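What follows is chain A paired twice: with chain B in the first complex and chain C in the second.
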Partner chain A sequence: MDRVLELKDFNVTYKNKTKKVYAVKDINLTINKGDSLGIVGESGSGKSTLAMAILRLLPERNTEITGSSNFANKDLVQASEKELKEIRWKELSVVFQKSMNALSPVHRIGEQIEDIYRVHKPNARKEEIFDRIKALLRLVNLSERVFKMYPHELSGGMLQRVAIAISLIHDPKLLIMDEATTALDVVTQGQILEEIVKMEQTLDVTRIMITHDISVVATTCNKIAVLYAGELMEVGYVKDILKEPKHPYTKGLLSSIPSLSGEKETLTGIKGHLPDLSQKYEGCIFAPRCEHAMEQCGKSKPSETQLTGENRVWCHLYSQSDRGEQLDISKNLAEVNR
Partner chain B sequence: MEEKKPFVKINNISMWYPQKSKSLSQVIKREKQWVKAVDNVSLELQKGEILGVIGESGCGKSTLGRALARLEHPTQGDVFIDDVSTQNLIKQDQRKFRRTVQIVFQNPFDTFTPRDTIEKILMRPLKLHGIGKSEEERKQKCIDILESGGLKPAEEIMKRYPHELSGGQLQRISILRSMLFNPQFIIADEPVSMLDVSVRAEIINMLVTLSREKDATVVFISHDIALTRYISDKIAVMYLGKIIEYGDSETIINRPQHPYTQALISNTPSIDLDEIRETIKVEGEPPTPVNPGPGCYFAPRCFKATKNCFKHYPDTVELESGHLVSCSEI
Partner chain C sequence: MKKYVTKRVLMGVLTIFVVFSINFLIIRLAPGSPISTIMGKDNDDPILRAALEAKYGFDQPLILQYFIYLKNAVTGDLGLSIIYNKEVLAIIAERLVPTLLLVLTAALLAVVIGTFMGMYAAKHEGSRVDVFFSGISYIFNSMPAFWLGLILIIIFSSVFGLLPSYGMISSRTTLTGVDYYLDVLKHMILPVSTLVLVEIPIYFRIAKSSIVQTLNEDFIVTLKATGMSERKIFNKYVLRNAILPTITIFGISMGYLITGVALIEIVFAWPGTGDLMLTAINQRDYPTLMGIYLIMSVSVALVMVIVDIIYATLDPRIRF
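On to the complex of A and B.
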């Protein structure tokens, strides 16, 4: 399968004179062509940092990125500003939560989209650009009139649609949406999410969706990566993980979300709070809050365990003592219950 | 079903804000434009009941909460708690009113004075209201209430400043503080929407347990529909300052009748993958609540709208016992 983005030992550290904050740690993640990956985590889990670091939008003066992120035969971590400029919008684009605020209030929407089109195709004819923009506006369910309007004439939902249209203008290979629908109302959000899914059936785009809301991932993504305190807990197919979460953190997270249908179940939540990220921890980072924590969890970091298919989990409950041996989950779990 | 007397009776409460005249003709004619943030809302709550108020941003649900807590003086209407008019109560004895009605705000980081320790923050209201004979007695009461909410060791926490505590801990203290006087009526305005999902559950559970223990009536304001269903006995749906549907929470969630409620629920993303739902499309965005109408406020966006809907605001109909809907197409 075609790999679009491959992160290897990806670390992001914020630093100032006195201390370091380890925001993202040892991420190994591959995104294949046509995937839609949802990255979920609570605030402080490093999900936005991860996105910004992939995009290389973090200020260099106080951040340190190590490892590699391979995208379009380039290592984005090492890429120069000039190389990045060539990739941005064209192959890698982004929609932020407040992307709509980036629109200039004194220019018409059409002019602003045109500007971005010309970044990569400076010699394009006007008609060509107009056709492209109008097709894009239709794609995100906006009328062509928007082309001649100013940002203040549009509502938040429409502006966010414009931002999505802009991000798609050069048919990027990878689209990152960082809480792109969080600020919107339920009804508007629901509609935009549906449009995104529909639109991808015709486009050739791979998407990373960063959100704190698992239900958004459930409706729009096929894969999910669960982040906690900057570390990956579990990665895999949405349909597997939401039905049968393996990692205790994912379990806790899912049991904290009330459901709209079916029986009312008591919400349990997870006790405790996020660890201090300016320190390095020896064991599993979730161990202090984990109800299944064992002796081992405080001592060593769990390594990656391959479950069925592409699903992976980082937890001692599932780690194999010998490679090639059958997973001895039941034994481990029984031990915990005892 | 036995007809019980409502404990809290919200009677035609309205909150209008004047808007600056925009055009010259308005200035000359002295026409006043009103933003009808809350418009003629009437609700009844039984003792110990939890009412969820849901709606999109800007629909006036927070303003309703503020008006109920008398942080703003409603333009018209009144709230009766156990047959006592709060309008009169607040004039005669404001402290007694504050002991009866309490509000929990959304942002725990803004709720507390940053310069005071938790001890000072909790002790001040007790002293003001003359509760407890001595300093020690008041302090013991603070410790007790903090420990009842699972904040241990309480004495350690009381020495701290708000910025030294996490959002979840602060919101717990905020809820516990509102419970200090055993209030009869609590307004919780999005109490957990600033918090992380994993800490939400505990705080919500704490709010429910405490209010059940004290038999307090709660208005729970939220935009999270699934959470509102989890916590409330009754749900009221607001749109542009008006309650458009009201009923038992299960009825509203499973069998919504108003087109807006149907759209709202069908557009809520769910984590249940097996659930197949048809999403209902709604055109446009909510209009401004400046002189809306005539006709149903939702009509311009409604998929069921007929000509009739644009003529006058629909009456409220009772479909089955306790399920009220304001829609002329039902």
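On to the complex of A and C.
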């Protein structure tokens, strides 16, 4: 399968004179063509940092990115500003969370779209741009009238649709949606998510969906990556993980969601808070909040464990290398699976 | 847009009317009267007093005086100055040009220089130049303008003898043509510099902070993500958004300048409305004082309306 994006030992550190914050740590992740990967995690888990770092949009003055991020035969971590400009929007585009602020409030939407279109096609004729954006607007169920309007004249949902249309203007290979529907009401969110899924049947685009809402991933993604405190906990197919989560954190996340049908049950959630990311931890970063924490969880970081297919988990409960404590693990496993 | 402009203009007229009425009352509430000034300290002849009061209309009830004055003012007749015995409008017109020359030159220079400094500092935030600009802007901002004027006179006129310290034209000369204008220009340097130096910090800080804020807006990040050149993003999108607070401040500061320039005019013996106003206050010259206040409120209202219209053309969210 074609690889679109491949992250290897990807680290993002925020730093100032006195302090370092390890926001994203040792991410190894591959996204194949046609995939739609949902990256989930609670606030502060590093989801947006990861997206912004892939896009190289973090201020260079106080961030440090190491590892590699291979996209379109280039390592985006090492790419020069000029190389990035070539890739941006043509190959890699993004939709941000705050649709209300995604466009300049004092310029007409059409003018902004024209400018964005001309970044890669400076000599494009007005009609060509208009035809292109008209088709895209139709794709997201908007009338071409918005071309002449100002952002404040549109609702949040409409603006989000405009932002999605703009992101597709040059047929990007990879589209990153950073909490793209979070600020919207559930009805509008549902509509837009439906449109996205429908849209992709006709487009050749690979998508990363960053969200804290697991239900968004359930409806629009085929793969999921669970992020906690900047580290990957579990990666795999949505259908497997939602049905049978392996990592205790994923289980916790799923148990925090109320279900509409079925028997009445108590939502458990996950006790405790995110750790202080300016510290480096010896063991598993989730151990202090984990119900199944064992002795070794505080001592060593769990390594990647390959499960069935492309599913992977980072947890000592499943570690192959710790066979010595097999007995212990199976006891724990039994408990986890209960 | 048409409706908006009409509304702004009507608001301006209403403002002028309210200011006019309040001024009329306040001046008359102050102790002393122009009649006492004309009669002098030692004279207390009731017949003369009555005659003078009748001549200038002070024997009428206050409310009637108000309406008579209002009616005349609307037709452009601001009455006779009690002290100069000349048309108030003519006296003010003569003094208004020097004041406007000072105010407009200073305001335009300050907004241009201050904004450019702010732009530079915002682009190079944390650099030495930024730190220097910020520091010096606090120093000048905390100086009283008249004091700065005096210091400039000491430095450039007294010590170095480079520039004239008072007036608008050199005395005992009959310059014409280019020489005349150069002479005026030379006289303008110190008072204009004083005003510019105290105004720059305001524009510098507002420009810098609003550019820095705009640079962190989501749409700027989006535009960067599209691969648009930094220059285009800055010149087209950042500036247009960041200039809005500067325009607001320009309006407010113009209002302050028009009225506050009086002190500077007195320091530099500039033949403007400030000096005229001070004499009028001391002599209780009601008609002249009312005239100056009226002209000032009209100027301020006019500037505000213009600023509002500029703002509305730049920011579509304002129009309604």
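As a working rule, the second predicted complex is superposed on the first by the 320 of 338 C-alpha atoms of A that agree within 3 Å, B and C clash if a C-alpha of one lies under 4 Å from a C-alpha of the other, contacts with A are read in each partner's own complex, and residues count from 1 in each chain.
Heads up, the rule we're going with is that contacts are C-beta pairs under 8 Å (C-beta built on N, C-alpha and C of every residue); 3 or more make two chains touch, one makes a residue touch a chain.
Every value quoted in this text rests on a predicted model; they were computed, and no experiment measured them.
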{"item": "Fit-or-clash call for chain B and chain C when the two complexes are aligned on chain A", "value": "fit"}
{"item": "Contact breadth on chain A, by residue count: chain C or chain B", "value": "B"}
{"item": "Three-chain overlay, vertex chain A: chain B-chain C angle, C-alpha, nearest 10 degrees", "value": "70"}
{"item": "Touched partner set for A:257, first chain B, second chain C, both or neither", "value": "first"}
{"item": "Partner chain in contact with A:106 - chain B first, chain C second, else both or neither", "value": "second"}
{"item": "First (chain B), second (chain C), both or neither touched by A:90", "value": "second"}
{"item": "Partner chain(s) touched by A:55 [first = chain B, second = chain C, both, neither]", "value": "second"}
{"item": "First (chain B), second (chain C), both or neither touched by A:47", "value": "neither"}
{"item": "Partner chain(s) touched by A:247 [first = chain B, second = chain C, both, neither]", "value": "neither"}
{"item": "Chain B versus chain C as contact partner of A:215, first or second or both or neither", "value": "first"}
{"item": "Overlay on shared chain A, then closest C-alpha pair between chain B and chain C (Å)", "value": "8"}
{"item": "Chain B and chain C contact sites that coincide on chain A, given as residue numbers", "value": "none"}
{"item": "Complex contacts: residues of chain B adjacent to chain A", "value": "56-57, 166, 168-169, 196-202, 204-205, 223, 225-227, 229-230, 253-254, 263-273, 275, 279, 281-282, 284-286"}
{"item": "Contacting residues of chain A [partner chain C, same complex]", "value": "55, 57, 84-90, 93-94, 96, 98, 101-107, 115-116, 119-120, 150, 152, 163"}
{"item": "List of chain C residues in touch with chain A within their complex", "value": "217-219, 221-229, 232, 236-237, 240-241, 244, 314-317"}
{"item": "Contact footprint of chain B on chain A as seen in their complex", "value": "42-43, 155-158, 185-191, 193-194, 212-216, 218-219, 238-239, 242-243, 252-262, 264, 266-271, 273-274"}
